[in-house]
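Okay, got some structures for you below.
Same chain, two partners: chain A is paired with chain B first, then with chain C.
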Partner chain A sequence: MVIDIRNLTTYYDSQKVLDDISFKIRKNRITSVIGPSGCGKTTLLMTLSGLVNKVPHFSMQGEIEYRKKTFTKDNLGELIGRTGFVFQQPLAFPLSIEKNMIFATKYAGIEKSERERIAVEKLKEVNLWEEVKDNLKMKASRLSGGQQQRLCIARALTMYPDVLLLDEPCSALDVKNTAIIEKMLVELKKDYTIIVVTHNLSQAKRISDEIVFVNEGKIVESGTCAGIFNDPVEQETKDYLSGNFG
Partner chain B sequence: MKYRRMLQSHNYVRILSTVAFLMVATVISMIFLLVFIKAGNNLNLSFFLEKPSGFPIGSEGGVFPAIVGSLAFTLIASVSASILALIVALYLEFYCSNERFGEAIRVTIGVIAGIPSIILGLFGYSFLVVYLGFGISLLSGGLVLGLMIFPYIEIKFERIFRDVNEMYKISTYALGVNTGYYIVHIILPVAWRNMVSTISLASSLAMGATAPILLTGAVFYAKAPKSIFSPAMALPLHLYNLVGENISIENAFATAGVLLILLVALNLITWSFSYSGEGR
Partner chain C sequence: MNIYDYADKIAHRISRIVVLTTFLILVLIFLFILNESLSFLGSGFSDTILSVSWRPLSKNPSFGMLPMILGTLYIGFFATLLALPVSLGCASFISCQVRGRLKYLMLSMMDMLAGIPSVVYGLLGFYTVVKMLESTGLMAAGESIFAAIITLSVMLIPYMASSYVKAFEEVELMYGFQTRALGVSKWYSMTHLVIVHTKGHILTGYMLALSRALGETMAVMMVIGNSPILPKLFGKGITLSGLIALEMSGAQLDSLHYQSLYTAGIILLAFLLLINLLIRKIESWVKSNEI
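The block that comes next holds the complex of A and B.
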């Protein structure tokens, strides 16, 4: 177990977004959080990354245990940067590929040669090295959407997080690039614990080991991928999976 | 039917845009034509390089000290206003967590923008010239001009920073990076071209202003300034004197021509600088 979420309730102003959520994330698994739009999936991911601390009017109750340390509303900000976070839009920084890759390690004060070694290592992990090794000085914005998303994943890995959080990482990509990212995520899970927020049920079925189904801020059901998709217990889950809502 | 209506409205917009462009282009062309025709042969190289002479002074010679003075006033104004505007805009956009305090600062900046420039000049005279003892000098005049263009630069800077994709910010935070690092490595490299254009436009405004330097830095006649504590001539005031004292209308138009040439040159240099290399 890498992350243990206990009785997590979150608010934006007085509006409740997540409602008393508790579940565990297991090591070196891909856990997909599924659910209809606006159910709180992204808020959950943002809370696990600590980034909600930067959002005005956010508040929370409950606690998150990560690497044997407990985080509450008082120290949630300390979570920022401990996990890798990849956003929906492939958004390379307006810098060269190389500068994207050393962005965080340079800030962390890591030596130049070590920064370069990490950059190459992570580009190889996301299967991007062969495609960009001769053009590292090129503007990252000139890469294709799929390549930019892999660059973003590689960039997130440069700080050696053991958990990678991805918010609908393929929603802006075509079928070919989606397949590349999915294959890469399955390869990455041997080294990282991966949490993916997705509304794409087929994708969740293809890549996930565990599924958490969230609706209206509550966990309706969670379990193994096969269990949830083949034999859901709750009627709400059955309705969602069969496309009756969402 | 709906499509035809859309097409018609599109054509109206196109016609209105063309008319607006033609009106602006006509007015600008008329200004330039009038100035350069009236200046006639007086606007030549020696007019740029010589100091004013004759009796009354300015009836002969050129405007070299006024060119140097105007450029120096503009430089001091641009540097002081840009530094202050950068600090304030960065604070308001990235660090100010108290919304009411931020709004109070913005309202104050709006008020400064609305103060008549002659009142800014009067303030500069009382505070910089007399109280701080800077005297009638380039520094006093430049700082008052800086105060005049500061609101324009600050408001534009804020808008430029806001236009940078917000997702960059959250993406950099996700990497554990702080706001200062984000500003230096993402915001400024993305925004600097627009910032330079803004400073250039504001500098043009400063170069043509008369009232703020009338009481603080500009004088009827002086040699090219040797330090920031020297008083200096300025093109707009020189022009005003040539016309107001009925010294030489031709030289007044020639002075206006010099001012226009400097403004166009300033804008062209900034434009080529801002849009060179990677383009927009």
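The block that comes next holds the complex of A and C.
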């Protein structure tokens, strides 16, 4: 177990977004959080990254245990930067590929040669090295959408997080690039614990080991991928998976 | 064609007329100034423009504008250079560090400062910088190039900062969460991403401020001492616009003195035109680099 979420309730102003959520994330697994739009999937991911602490009018109750440390509303901000976070839009920084890759490690004060070694290692991990190795000085914005998303993933891995959080990482990509990212995520899970937020049920079925189904801020059902997709217990889950709502 | 198509056509024509009128006014201003100065440029005295002696009313007149040209450039460049880091600091603070009502308040105050008439800045410069310089005892009179640079830079800060805030906010909005997710500080993100990415906008803003600084008349005139001598940091000086403003009312119509002041205007216009061309170049360079 890498992350243990206990009785997590979150609010934006007085509006409740997540309602008393508790579940555990297991190591070296891909856990997909599925659910209809507006159910609180992204808020859950943002809370796990600590980034939600930067959102105005956010408040929370409950606690998150990560690396044997407990985070509550008072120290949630300390979570920022401990996990790798990849956003929906493949937005590489408007800098060179090389500068994108050393952005965080330079801040951390890591030596130049070590920074370069990490950059190469992570680009290889996301299968991008062969495509960009001769153009590291090129602007990252000139890469294709799929390449930019892989660059964003590689950049998120440069600080050696053991958890990678991805918010609908393929929603802006075509079928070919989606397949590349999915294959890469399956390869990455041997080194990282991966949590993916997606509303693409087929994708969740293809890549996940565990599924957490969230609706209206509550966990309706969670379990193994095969269990949820083949033999859901709750009627709400059955309805969602069969497309009756969402 | 329905009524909306007609309305579209009329609006298109009106816009075209407005644009052409603006362009025409600009051309006419240029032609008018050129026409007024042509007689001077054709006279034997035009060779003296680049000399240092400005004696338009002497028996042996000379029209050396080098002190004014150098004074204008000296003050323009140094005032903008001084205002640049402060404006960048203000803009980065407002765009990245504050939010909500405080941000709104700061932006409103900055816009108000940018809108204050230059004569007020001149007064402030006179009663603060000039008096302070006088109190040091290093100079007989505090009116100097230095006082003009300080006054002008204070005047330019809100103008420059205001133009940078928007550019910084756009980048911050787009990449702010991404940089935070990597665990880097706002300051690091500002210096290594926002400023790097907006360097074209920063340069354009600088050039616009420079063109405003070169043409600034009243605030500078009130603190510079207005002496046609070669500029020194702690000495008096005069700018091209200051020269025109001070002497135009006393110059006899169609005299060489009168025409030479129009020539000073042509020189000033040439500087501004050059800066505008540079701005266009920078903008196209920024666009080609954004792809």
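To be clear about the criterion, the second predicted complex is superposed on the first by the 246 of 246 C-alpha atoms of A that agree within 3 Å, B and C clash if a C-alpha of one lies under 4 Å from a C-alpha of the other, contacts with A are read in each partner's own complex, and residues count from 1 in each chain.
Keep this in mind: a contact is a pair of C-beta atoms (placed from the backbone, for glycine too) under 8 Å apart; a residue touches a chain by one contact, two chains touch by 3 or more.
What you see is a predicted model; the values in this text were computed from it and never measured.
Based on the superposition on chain A, does the combination of chain B and chain C result in a clash or a fit?
Taken together on chain A, chain C would clash with chain B, as the superposition shows.
Check the residue A:Thr224 against both partner chains and state whether it touches chain B (first), chain C (second), both, or neither.
Neither chain B nor chain C is touched by A:Thr224.
Would you sort A:Phe87 into first (chain B), second (chain C), both or neither based on which partner it touches?
In the superposed model, A:Phe87 contacts both chain B and chain C.
Once the shared chain is lined up, is A:Leu95 touching chain B (first), chain C (second), both, or neither of them?
both
Identify the partner contact of A:Ser144: answer first if only chain B is touched, second if only chain C is, both if each is, neither if none is.
neither
For A:Lys54 in the superposed arrangement: first (chain B), second (chain C), both or neither?
A:Lys54 sits against chain B and chain C alike.
What is the contact status of A:Thr9 with respect to chain B (first) and chain C (second): first, second, both, or neither?
neither
Under the stated touch criterion, which partner chain does A:Met159 make contact with: chain B (first), chain C (second), both, or neither?
In the superposition, A:Met159 touches chain B and chain C alike.
Touching A:Tyr107, do we find chain B (first), chain C (second), both, or neither?
It touches chain B and chain C both.
Overlap of the chain B and chain C footprints on chain A, residue-wise?
Of chain A, residues 49, 51, 54, 80-82, 84-85, 87, 91, 93-95, 103-104, 107-108, 152, 155-156, 159 contact chain B in one complex and chain C in the other.
Give every residue of chain A touching chain B within the complex, in rising order.
Against chain B, chain A makes touches at 49, 51, 54, 80-82, 84-85, 87, 89, 91, 93-95, 103-104, 107-108, 152, 155-156, 158-159.
Of all residues in chain B, which touch chain A in the complex?
Going by the criterion above, the answer is residues 165, 167-168, 170-178, 181, 185-186, 189-190.
Which of the residues in chain A come into contact with chain C in the complex?
49, 51, 54, 56, 80-82, 84-85, 87, 91, 93-95, 103-104, 106-108, 139, 141-142, 152, 155-156, 159
Show me the residue ranges of chain C that touch chain A in the complex, using the header's touch definition.
Chain C reaches chain A through residues 99-100, 171, 174-175, 177-185, 188, 192-193, 196-197, 289-291.
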